[in-house]
Amino acid sequence: MEKPHRHVVRVRYADTDAMGVAYNAAYLIWFEVGRTEWLRARGLPYREVEERGVALPVTEATLRFRTGARYDDQIEIETELAEVQSRRVVFTYRLLRGDRCIAEGSTIHFPVEIATGKAVRMPPWLLERLA
Amino acid sequence: MEKPHRHVVRVRYADTDAMGVAYNAAYLIWFEVGRTEWLRARGLPYREVEERGVALPVTEATLRFRTGARYDDQIEIETELAEVQSRRVVFTYRLLRGDRCIAEGSTIHFPVEIATGKAVRMPPWLLERLA
Amino acid sequence: MEKPHRHVVRVRYADTDAMGVAYNAAYLIWFEVGRTEWLRARGLPYREVEERGVALPVTEATLRFRTGARYDDQIEIETELAEVQSRRVVFTYRLLRGDRCIAEGSTIHFPVEIATGKAVRMPPWLLERLA
Amino acid sequence: MEKPHRHVVRVRYADTDAMGVAYNAAYLIWFEVGRTEWLRARGLPYREVEERGVALPVTEATLRFRTGARYDDQIEIETELAEVQSRRVVFTYRLLRGDRCIAEGSTIHFPVEIATGKAVRMPPWLLERLA
């Protein structure tokens, strides 16, 4: 079993809301950052995926919030590839502050041919890199 | 069965991303707008809920994306109260462009006493208004 | 002298930060909303401007903050066209809560041909509508 | 003359808009990141400034955009303290992609006592650290 990929972000003032903690939508952005860095660590920056004509839009997302992230907290994003099939990839995420899991979630993506906007099967070069 | 509450938002340029459609996190913000207007229509603006000492933070959220929302699209947010209990409220959302459902999702909230930051039972004045 | 165009937005929880007021970047988004509605009122939705092949990116922006906008405040955006030339358009904005000006600012835009990405002179159909 | 402080951010998909480049409001957030890291490098994290009872809200901001920042670009934020007085601090920013300046701007801040919300003179511990 591969270890999850880890990447650290800081909570920005822009991420916080009047409750004094990060607004819920900020977590979806951190999931994006985790996934981006997971792909880069695999040698396949998402920018290159798109340059090769394929996008991986989000079709489903789930989030579970355990405790608030405060301004300037360092949040470690643990990203794992949970599943990959010809028409679907699932990533899971855990956000940690120190040892404590503050939130977790998942995103499901499907491959789209950018030129036509149509859903397609995962091309071999992408499937090999993900699997 | 109560009809869902409807509120229209426009997709702003700020909501879009380089794919030419609304970025996934924008949908969580539209869920917030839908929920806010649902509460206002019930005669209980969320600002008043907080002024009375209670917050309703999001503990879980799910999103399912069906098709992209484009710049300047008018999106109708249908919000429904799906469940209310002493320690939990569930809202569900459907986003429509014309007749077409472009996304749907849900958020689960729990009552917190703002002064202490502790989870509490829903106070009667809030429970009555929601139920 | 033409009256400024007025459009109302509500401060969303997503717009606020841990200071309890709207985060500074939210104001640039409200300027976008004001400008968009100004153009629509002129019979020229910005989506149509782009469909005709021209974009009007921001090249400069200024913001002056007088007092904070709080969650759920209704903010009236007053937008005015301050200047239009063949290669430049200037909009000015005043944000009001009731009678009180809470912020003001400006944005400068220049016409770009979308197909080539090059700065161009304002096409006559656009200049006529703006002036 | 002190060298400007440098900090690198990546353009996230969330930062981009339908023009394929970073949306204008993202730059204000990067200014925040630059300022935050400038303060941290001075041994005075902004979180500590607030914990000592003082906030430094933005009262004015200017932005000049030279060329677009694209998804996944590495942007170097150069932050400098341009001026500090008893009631005002000015930061200036230059955003670089490689050797090229893609945007620049400034923010003006004034000290506020958090407990009362009133503008105050810069306390000595803060003035010393800034100057």
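Just so it is clear, A, B, C and D label the chains in written order, and each chain counts residues from 1 on its own.
Just so we're on the same page, a contact is a pair of C-beta atoms (placed from the backbone, for glycine too) under 8 Å apart; a residue touches a chain by one contact, two chains touch by 3 or more.
Just so we're clear, the structure is a prediction, and the values are computed from it rather than from any experiment.
Chemist: Between chain B and chain C, two touching copies, which fits better, same or different residues at the interface, with half of the numbers shared as the threshold?
Modeler: same
Chemist: Compare the CA centroid of chain B with every other chain's and tell me the farthest one.
Modeler: It is D.
Chemist: Between C-D and A-D, name the chain pair that shares the greater number of C-beta pairs in contact.
Modeler: When the contacts at C-D and A-D are counted, C-D has more.
Chemist: Quick one: report the Å distance separating chain B from chain D, using the average Cα coordinate of each chain.
Modeler: 32
Chemist: Please work out the Cα centroid separation of chain A and chain D, and write it as a whole number of Å.
Modeler: Whole-Å distance between the two chain centres: 27.
Chemist: Using mean CA coordinates as chain centres, what's the chain C-chain D distance in Å?
Modeler: Each chain reduced to its C-alpha mean, chain C and chain D end up 23 Å apart.
Chemist: For chain B, which residues are shared contacts with two or more other chains?
Modeler: Residue numbers touching two or more other chains: 13-14, 19, 25, 29, 32, 71.
Chemist: Given the complex with chain A, which residues does chain B contribute to the contact?
Modeler: 19, 24-26, 28-29, 32, 55, 57-65, 68
Chemist: Using the touch rule from the top, collect the residues of chain C that touch chain B in their complex.
Modeler: Spelled out, the residues of chain C in touch with chain B are 10, 12-14, 29, 32-33, 36, 45-47, 71-72.
Chemist: In the complex, go through chain B and note every residue touching chain D.
Modeler: Interface residues on the chain B side: 13-14, 16-21, 23, 25, 70-71.
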